[in-house]
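Questions regarding the structure given below will be posed in turn.
The first chain written gets the first letter, and so on, giving A, B and C; residue counts start at 1 in each chain.
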Amino acid sequence: MLAYSLRRLLVAIPTILLLIVACFFLMHFAPGGPFTSERPLPPQVLANIEARYGLDQPLWKQLWDYLYNIVVHFDFGPSFKFKDRDVNDIIAQGFPISLTYGSLSFLVATAVGVSLGIAAAIKHNSWIDYFAVGLGIAAQALPNFIMGPILILTFTLWLGWLPGGGWNGGQWQYLIMPVIALATSYMGSIARITRSSMLEVLNSNFIRTARAKGLPTRTVIWRHALKPTLLPVVSYLGPVFVYVLTGSVFVDIYFSTGGLGQAYVGSALSRDYAVLLGVTILYGALTVVVNLLTDLAYAWFDPKIRY
Amino acid sequence: MNKIIRTSLAGLLSSTLITGAAIAAGTHPQTGEALADDQTFTYRVLDEHSSVDPQVVEDTDGADIVRDLFEGLMNQDENGNLVPGVATGFTVNDAKDVYTFTLRDDAKWSNGDPVTAGDFVYAWKRAVNPELSSPYAWFMELMSIENAAAIIAGEKPVDELGVKAIDDKTLEVRLSAPLPYFPQMTTHSTTFPAPQKVIEEFGDAWTKPENIVSNGAYVLTEHLPQERSVRERNEMYWDNDNTILDKVVALVINDENVALTRYLAGELDRTDIPAGQYPRMKQEHPDEAISYPRLCNYYYTFNLSDSGPEAFKNPNVRQALSLAVDRAIITEKVMAGGQPEAYTFAPEATAGFTTPEVEMTSMSQPERDELAKELLAEAGYGPDNPLSFELVYNTSEAHKKVAVAVSQMWKQKLGVQVELANMEWKVFLEERGNQNFDLARGAWCGDYNEASTFLDLLQSDSGYNDGKYNNARVDELLAEAKTSDDAAPLYTEVERIIAQEAPVIPVYHYAGVFMIDSDLGNWPVNNVEQNWYSKNLYKLAE
Amino acid sequence: MLGKSQKAAHLAEEITDYTVIQGRSLWQDARMRFVRNKAAMASIFILGLIVLFTIIGPYFAVWNNEEIDWNVMGDVRGMGMPSIETGHYFGVDDLGRDLYSRVIQATTTSLLVGLIGAATALIVGTCYGITAGYIGGRTDSAMMRFVDILLAIPATLIIILLLVVAGRSFFMLFIALGAVGWLTMARIVRGQTLTLKNREFIEAARAAGVSEFTIMYRHILPNLLGVVIVYASLLVPEMILTESFISFLGLGISEPYTSLGRLIAEGAGTMAYGTLWQLMFPLTIYVAIIITMFFIGDGLRDALDPKDR
């Protein structure tokens, strides 16, 4: 297991390197640069700016310098759009915010989603099943861009209980709406996958055998059914976890949380190359780590899987 | 009785603070209106500002902040007229190419250092320095400052810029050619002074709240990117005693509908009204919904280059399309925010500009439609041979609405087939800049209050002329206007040619459409450039 | 306890039964069970109604989907509400266009987008996931790292490049949707394959000399279908919403055409301004699609579960 993990982490290095290279070239081939604007800059001014950021160099040289600065100085370069900040600043400021509301939403969505799914499967075709299914559908039917305005209208304008946005160092009043909005969008899917996976497991031979042996339902479910049930759920949760940790652009837009989601999408749209690459690398690194954890979780959930 | 107790309590509480807050919780010195105890102004900005470095900032939200933090030679008043800033006044020589500004003695930086002519010289040299590579370096070139162009191009050393500190309080500026509106341009953020010592000490990080030193009425005290920035009273500011607002908070709220909800919940004092919502807001909150003309235009530009459609080479076709656009519907029903209809390229609100009597304004819409049909038929387009082209615009709810409405007008009146195509902003700019379009949306906001800031766009060699309109007479008139004492008739002439040849379809001129809390005093609705200074605002007692 | 003769009779019966079952394929069997599932059949019926609505609906429309009602425009809140008299059965959108016709057109588009997009993701993701999971080892590792990279590359960039390289078209929209949708599917399928390939029945098949491809196709795939179909039915609404982002970037559907995702987003923006019908009509259809997808997915899962036979 340990050897496997180490090997995987070693593989992560070329993976991320490839990611950087791919993203770097895609970025430079996309039309419009960071300094394309409504009022095109006079050529001389543009040349000066490009020289300052090294954009006048050949691409391979830019890529080399970029990698060199990361490896040697852990410096991801300056932001092209926000002149007085660099990428390290932007990530250091945005990531903790996304991490906070993201992990809270993840916990809420997983806890509620999995419990609902399990309850629904155990009591298949009972009121609790219908309730869970209904709630799951409702959660899915209200995408972020409906949830956001509804929450703000309700809690800020009509009830006046919660501030309509901002972060304020992550005080609880500012956290509630982002967490609800983000959690609901995944809760429905998680409940759905858990329910169907549980149903499948409950139908399988080894559970039938366990039941036939006369084991109490509770034991059957907790001892035998839970682990295999969660396997596909974990596959789904892996990417969700990464999405959620790096923040949601909707949450950042509607609730002005200042997280990384907005910075990420914003940098792609404004072609802020350095920020885009920086966040992508963070994202890629998280993906690699989370996928490794998911794979290790597979082995834990199903002892027959070996690496 | 109650009031006395409250005031004395407030006095007790504030006695621990330094003076300057003395005016708050009193009455306005000039108007005598009762002022609120809490002099905080909170407003919404669409996006995170690019910088608060005066020579680097490039967006309007950022420029608003910089205008509070720094003070240039001259300021604008509520009506956009020049008033003294750091300079008490200026003189100009007979040739009109050397300006001498006298700086006030009591101007200070927030760290107590005096503001000197040297600070301006440093800042202006900084603006043209290729090393800083300011995106607004071209503004210095536009100001015609001696050698600015050559320095930007790297052909001359920075020290040869035509600015000189005669002594600590006298600044001399030499121009390469007389420029009638030069003093107006010194209200622009690029020309604001910069604190050399601080910049040299902290480098790029000098604009962080813990490092920044500024000479305006406010200092930056807090900045949480993508969330908020806070500026508070600068006790060292020379006119601090007359400054009423203590604190100004800019909240970043990307979604305009959410911003309006938060305004209605009382979290903001000012926000934009989404397109089309102004009439309802005006009805429900008559004191708060306001609209005033701004110095920006909105137009569609024909691609007249070789890559453009053959049909657009015919002025009659262009004219017909322009005639059939019912501006009244766009301004009253689509935007519905009090925008003026546009029949000329430069807005009517532009200073010293007389809009010409173009033929179209004297006709009713049915007459225009009739003429449009005739012109199009003459050009050989009709039901058998319908004109068809693509209209591109950048993705936005408001642009979409205008484009859809216009395309329907053309379709229903003239039988023209228009394919609408939205594009993400940077792709749009790239495609438009490379003449990869038939008809494209365009908009322009004046850099200064003079018609040339708009009309120069149609000069044949202008870098902003995406439609590649080319008319020798227009070029000639515009060149002449640069040095003329009375340029107004020349501009009118240019507009007349544009109206005849229709290289662009002006649709409307922008209006500032805002919800502004009725407690907020003195919002400069008459300043068409929307250069507002927090030091002139105040909060009224409820 | 059964008597001998009885047992023999019973056995004989079973054998005859067996031959009958033998004659039915997995798919026939599944179809029979699916037809017996009431919720799934009701959902098929509702989905049928929605499709029918998109086909027949236009014949009842007074306005087409792009025509602006100039009289209503400008006072949508006051005059644009749903009404039989004006011919705007669903009211009008913010520009005074008939929402009834627009919803019909949007539903057609979004159903196509949702179903084709999800199907593309399902096919590509399943093939990829099974291959990686079943082969395992270095191949698995390489294939999955490739997915990791694609997951991490910003979708915005890929979509913008597709727009530039290929230009705007309906076809490219599906390519873009497929490109972003199959990755998670591949991960889920691969995870399931990893557990399945160690099960006894696979080992038995292998011992019996069944070819690798047949094992994948005949033994692993049917056992995966449950989870895969449920996830695919989750993908349909996701695809419908993703389309609006792709259209935002300029690759998708352009005005005057629209989609449910876009109508819902527009309606959500103006929900506080007294024009709630602009949100409710498209949202209702969208929710109806989600619900039918849910039960159809569930029904398919039950029907295809090989253990249930």
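As a convention for this text, contacts are C-beta pairs under 8 Å (C-beta built on N, C-alpha and C of every residue); 3 or more make two chains touch, one makes a residue touch a chain.
Just so it is clear, the model here is predicted, and its values are computed rather than measured.
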Middle chain, criterion being Cα centroid separation: A
Pair of chains joined by more contacts [C-beta pairs], A-B or B-C: A-B
Between subunit A and subunit C, centroid-to-centroid distance (C-alpha), Å: 22
For subunit B paired with subunit C, centre-to-centre distance based on mean C-alpha positions, whole Å: 48
Intercentroid distance (Cα basis), subunit B paired with subunit A, Å: 38
Residue numbers of subunit B (touch at least two other chains): 255, 257, 261, 424, 427
Multi-partner residues of subunit A (each touching 2 or more other chains): 30-31, 149, 153, 157, 269
Subunit C residues counted as touching two or more neighbouring chains: 160, 164, 269, 272
Contacting residues of subunit B [partner subunit A, same complex]: 47-48, 50-53, 56, 58, 130-135, 137-138, 141, 149, 152-154, 204-208, 224-228, 251-255, 257-258, 261-262, 264-265, 267, 424-427, 429-431, 433, 443-444, 463-464
Subunit A - residues contacting subunit B, complex: 30-33, 35-42, 44-45, 48-49, 51-52, 78, 81-85, 90, 93-94, 148-149, 152-153, 156-157, 160, 163-167, 252-254, 256-259, 262-263, 266, 269-271
Subunit A-touching residues of subunit C, taken from the complex the two chains share: 141, 144-145, 148-149, 151-154, 156-158, 160-161, 164, 183-184, 187-188, 190-192, 194-195, 198-199, 226-227, 230-231, 234, 237, 241, 264-265, 268-269, 271-272, 279, 283, 286-287, 290-291, 294, 297-298, 301, 305, 307-308
Sites on subunit A touched by subunit C in the complex: 8, 11, 15, 18-19, 22-23, 26-27, 29-31, 133, 136-137, 140-141, 143, 145-146, 149-150, 153, 157, 189, 192-193, 196-197, 199-200, 203-205, 228, 231-232, 234-236, 238-239, 242, 264-265, 268-269, 276, 280, 283-284, 287-288, 291, 294, 298, 302, 304-305
For the subunit C and subunit B complex, residues of the former touching the latter: 66-68, 70, 73-74, 77, 94-97, 160, 163-164, 168, 247-250, 254-256, 266, 269-270, 272-274
